[in-house]
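The same chain A turns up in both complexes below, where it pairs with chain B and then with chain C.
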Partner chain A sequence: MINLKNADPTFKWEIAKQEGGKQILKCFGCSDCAASCPVRYFDERYNPRKIIRLTLLGMKDQVLSSPFLWFCAHCHACTEHCPQGIPVAELINAIKNYAVENGYCPEGYKIQVELLQKMGRLYEVEDFDLKKRQKIGLPPVDKTIPEVAKILEKTGILNKVGK
Partner chain B sequence: MKKYALFLGCTVPVRAQHYELSARNTAKQLDIEFVDMNGASCCGFPIKAVDAETALLIAARNISIASKMGLNIVTLCNSCTAMLSDAQLELKNNRFYKKFKELGFTYPQEITVKHFVRMLYEDIGVEKLKKSVKVPLNNLKVISHYGCHYMRPSYLYGFDNPEVPHTFDELVNLTGAKSLQYTDKKMCCGGSVLGIDEGLAVTMANHKLNIAESNEADALISICPFCTVMYEDNQRKAEEKFNKQYNLPVLYYPQLLGLSFGLDKNAVGIRFNRVRPNLLLEKIGGQ
Partner chain C sequence: MRVLVCTCNNKIKLPDFDLGPDINLEMHTDLCKRKAAISPDEKVVIAGCSPSLMEGLFPDVNAEFVNLHEHIVLMGHSMDKAKDLIAAAVEKMKALTPIKRKVFKIENKNALIIGGGIAGIEVASRLSENGLNATLIEKAPFLGGTVAKLDRLYPEGTPYSHTLMPQIGKLISGKNINLFFNTEVKEIKGSVGSYKIILQTHSRGVIECTNCGKCTEVCPIEINDEGKKRKAIYYVPTFPDKYAIDWKNCTKCGECLKVCEGKIELENKISEKEITAGAVVVATGLNYYDACNVEEYGYGRYPGVMTTLEFERAVTSEELKPEKVVIVYCVGSRDSKHLPYCSKICCFLGLKEAKLITDRLPQTQVYVAAMDMRSSGTFEYLYNKLRERGVTFIKGKPSEILQRNGKLVVRSEDLYTNELLEIEADAVVLSTGFTPDKETFEKLGIKLNGDFPILFENSSLGNTDLPRGIFTAGSATFPAAVRDTLIDARKAAFSVLSLLKQDKIETLQPVARVDEDLCSVCRMCIGTCAYNAISIVDDKIKINEELCMGCGVCTITCPSYASQLETFNPEAFSRQIKSLVKEGDILALLCRWSAYNATDKAAYDKFSYPENVKIIRVPCSGAVDPSHVMDALDKGAKGVLIGGCYPDACHYAKGNFRAKAREQVLKMNLESMGFDKNVVRLEWIGKDEANKFVEIVKEMNK
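So, the complex of A and B:
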């Protein structure tokens, strides 16, 4: 049940300011995004149209705290179908970014940010890997890329995820 | 000789060496030179969901490295292709240039980003590739899996048809193998939701494994390391969850292409495939 007394009318403008969120106001709720979504095909708990509709209505807490927001695979099937030309996957991503800013970041992503800070890559390159690479004739790869930590510092992402 | 900067990303150099090895060895056959990108990092895609700007800057730094080398980028992973293409477009539009410059990065020369498979299709071409086929893989029928970020979003790529893709099928068919037409060709592997809900991700992967089985495919052909994680590494999980026995080999496209070029199975790293493609090898000449 939606109670508009709890709505925050500024929410949609906040999303529109985010990277990729600008075009949310064009949505007229046709549901083509949901109809073309491979995740929704298997799990009805994820519904991009519902997320966008709730955002337009201003149901900020409900949207930001929803675990299903994170079910979007960013596959862009919705983007290709949207009759309004909204890059829907980028829009859902903008809502995710805003959720993170408001303290809702799934643990897995926090770990990824930490790994990037530490190594500049997600998978550790162990000596075993380097030996294996050498054995089959592949060139070595950098074990760490410290410049990535500088980028994370510059954008303040570590504070955003609470690290 | 065509020359490219080879972008490896995170997964390929440690978890898909057979993809890298087969890509490098088939490229050699085609007179393509890959130059390694010293100091290249993660592409940025994984944390786009956390903060798009950070992801774009990480991607742009990688582009900066190739730009200084004066070379266009070839990628092996679909998501790396999307993230780097995204940043490349933003660099052209000067969108986040201020922070990019403040970090000391430069973009002296405009470059392009292409997936290895798109590079083969556009820069080499089906006809020329066909001429290099020495051992046509005529007995094989396979499921070609495009993966989402090979052709979507179309505003970023402007390549192939995002609704009815065909370029990869053509590339598979030129090896002599038959690329089967099937429903849900552009279905997502589920890789992007693996970290959020494993059960859902495995259900998504199972869908295509099931299609492969009902079409009696000899293999699924992949062009993305994360799609392979879903279809090969997690195949056992799908089998357990759905009480099935697929035993479906998952080959990277350059492995298939390399075999059709007559490369030895070691040169395309077959022994690193988790689901042993023994039957497939027998079918194409008992290597």
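So, the complex of A and C:
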């Protein structure tokens, strides 16, 4: 049940202030976004309209702590469809950014940032990979890219995700 | 100049005062009962009750009204203030151009009606019944418009012919009606009472016709006419009783010539004819929005996807017998990529098509996919009935229509269950939105506000008695149901009758006038006029008296003050302000349609505001020039309040937005001159917001 006693009426305005979040107030709930979202066809628990709706209702904690918020593939199918001209994918992003800024970053993301910081890439390059490359005539790649860590530091993302 | 003061049965005791030479002060005891004689050619000041009342008693005079009753007596303010208000009004009137009586001769008793659908037909026969001449032009070769293409009319479901055929019968038996087919307006000139119109007519191709129908049998060109098959030479059972050639599709093969019992000419001749008219009625009906633009629904690509009209015609001509149908709502409408508005009648149409198919083929499974169902009024009964019949309503806007294994698939979310949903169907009906006939309005010089003609969309404008000779009927301005179309057509006929039965119209409505000596033809004013009243004729700025609403917005836009509104020119206004404002005053310049009325209400509700608040009534907040604010500040005003209508509530469409834009510039300028920018305030004050007005002026007075 949605208990509006727990609603935060300022939440939607907070999201509207975010980059890409401004148009959220235009949503009239037609669900074209949800019907066009390819992720939804694999996992019905993900529903961009529902996220938007809960945001408009002010259900801050429910939205920000939902693991489904992070399912968006950023394919922009919803943005193409929305009759109200809402950049839905950007909007979902805005909510994600807000979630991170407010300490709701999911563990998986933190781990990804850590990996990036450590190696400069998400997937470790092992000797096996280098051998394979050599076999098909590709030049070797560096196992780590230290510049990425510097970039991460500059962006301040480490603090934001609490690392 | 005369100054008429009403003492309200000797309750108001003005001290003696001299207003200067040639100004006669007249005391009346009850102006509201015994009306004083005032000629429309003289300039007067009338001091008494609120202008909201006085204006009704003296509608056709050149007057500045001073509100003695509400602003002085009820407020308990001094008679000295009353004197100042009167003196300032006199100052204004001295510099004012009186309103010139505008006379429009109604030379022509003929009305041109553009469009031969039910709206146009109704107007023409009503006019003829009442002894006027009506020229009805129709761009197709047959009468009937959209209604003639339908099978039945909703919500009751009677065949279209029940409505249209008696109407046509009345029309063709009427007197003084001229009908032109294959005809459009090429050009229109003139003004109310005497329009000159050039009509352009394409020939019909079929000159003499016995109605044998052999031509259609032999014609090799078959086309799909909105869901129904027909040939390039065809017949519509309305009027006239004669076949016609569809020039767009005819290949001039000559087969029909060989069998015709009458006479056919395979040449599309264009002829022109000039006619005159005293009034014009636009009855051009509606256009279906092109569903091809909504690409995700596959219209034009998948044969089973059709519009409501095509579906209706295909089902009723037995060309289509679907087993499973999905009717999709809001196609194009309520969509920022297509039509941002709700087309109003397509919800009804969708219900109607659902009824039509379940009437004829009860075994057909019908789904309606709508993000909202707007079944206003008695359409709710139809909606109820259809659910009882087993029609399934889905809430949600379909995202896509696909083709899979020879079937159409509609994809949507069903918002009632929160689940994704796919429906396989053999026909998908798109309830498309509608657009008005922009082209005709543009030809008539009527400005569009987005998609709609601005002159007809604003309800406050409908009440203004403008000497305008152009009327609309039916769906020409906005999609309307058949019943509403007929009512609207009768209303239009009535307006035309009241106009054309007169020999001339005289009006004292103030309009803007351009002083040619001052005007540099910079064209700044043209874009600011919300009514398209300003144009360039022979390299000079010209204001169309028929269209000007008298808002005064252009007078402020003009950098050389060449445009002046009768009753309200910048110079006169400036004199009034300079005469009225004293050190420490608050000057309130209030829109006559909203904020000014709040001050009357303040008096009735026994609010009070300080004596140093001086109020002047202006036509529109958009008619206040920054220089007027400076005039007041120069005279030592503590603050200037500009009061206008709330956003979107402006009587003149956008005047208050102009005021808002100017306020920002003004504030910047004030700051650069060392003033506190808050000495000027632009506020939206509704006509009943007495409290708001009082609070604001009190705050400014602190």
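Definition applied: the second predicted complex is superposed on the first by the 160 of 163 C-alpha atoms of A that agree within 3 Å, B and C clash if a C-alpha of one lies under 4 Å from a C-alpha of the other, contacts with A are read in each partner's own complex, and residues count from 1 in each chain.
Convention: a contact is a pair of C-beta atoms (placed from the backbone, for glycine too) under 8 Å apart; a residue touches a chain by one contact, two chains touch by 3 or more.
A quick note: this is a predicted structure, and the numbers were derived from the prediction, not measured.
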| item | value |
| --- | --- |
| Side-by-side fit of chain B and chain C on chain A, or clash | fit |
| Chain B versus chain C as contact partner of A:31, first or second or both or neither | second |
| Contacts of A:116 with chain B and chain C, given as first, second, both or neither | first |
| Chain B versus chain C as contact partner of A:83, first or second or both or neither | second |
| Which superposed partner A:20 touches (first chain B, second chain C, both, neither) | first |
| Greater chain A contact set [chain C / chain B] | B |
| Superposed arrangement, angle subtended at the Cα centre of chain A by chain B and chain C, nearest 10 degrees | 100 |
| Shortest span in Å between Cα atoms of chain B and of chain C, once chain A is used as the common reference | 6 |
| Complex interface listing, chain A residues touching chain C | 28-36, 40-41, 44, 47, 49-50, 81, 83-85 |
| Chain C - residues contacting chain A, complex | 296, 330, 334-337, 371, 396-400, 411-413, 415, 418-420 |
| Complex contact set, residues of chain A against chain B | 18-20, 38-39, 42-43, 67, 70-77, 79-80, 87, 89-90, 93-94, 96-97, 100, 105-106, 108-109, 112-113, 116, 120-126, 129, 132-133, 136-139, 141-142, 145, 147-148, 150-152, 154-155, 157, 160-161 |
| List of chain B residues in touch with chain A within their complex | 8, 10-11, 13-15, 17, 20-21, 24, 36, 38-42, 46-54, 56-58, 61, 99, 102-103, 148-149, 152-155, 162-163, 186-188, 190-193, 195-197, 200, 203-204, 207, 269 |
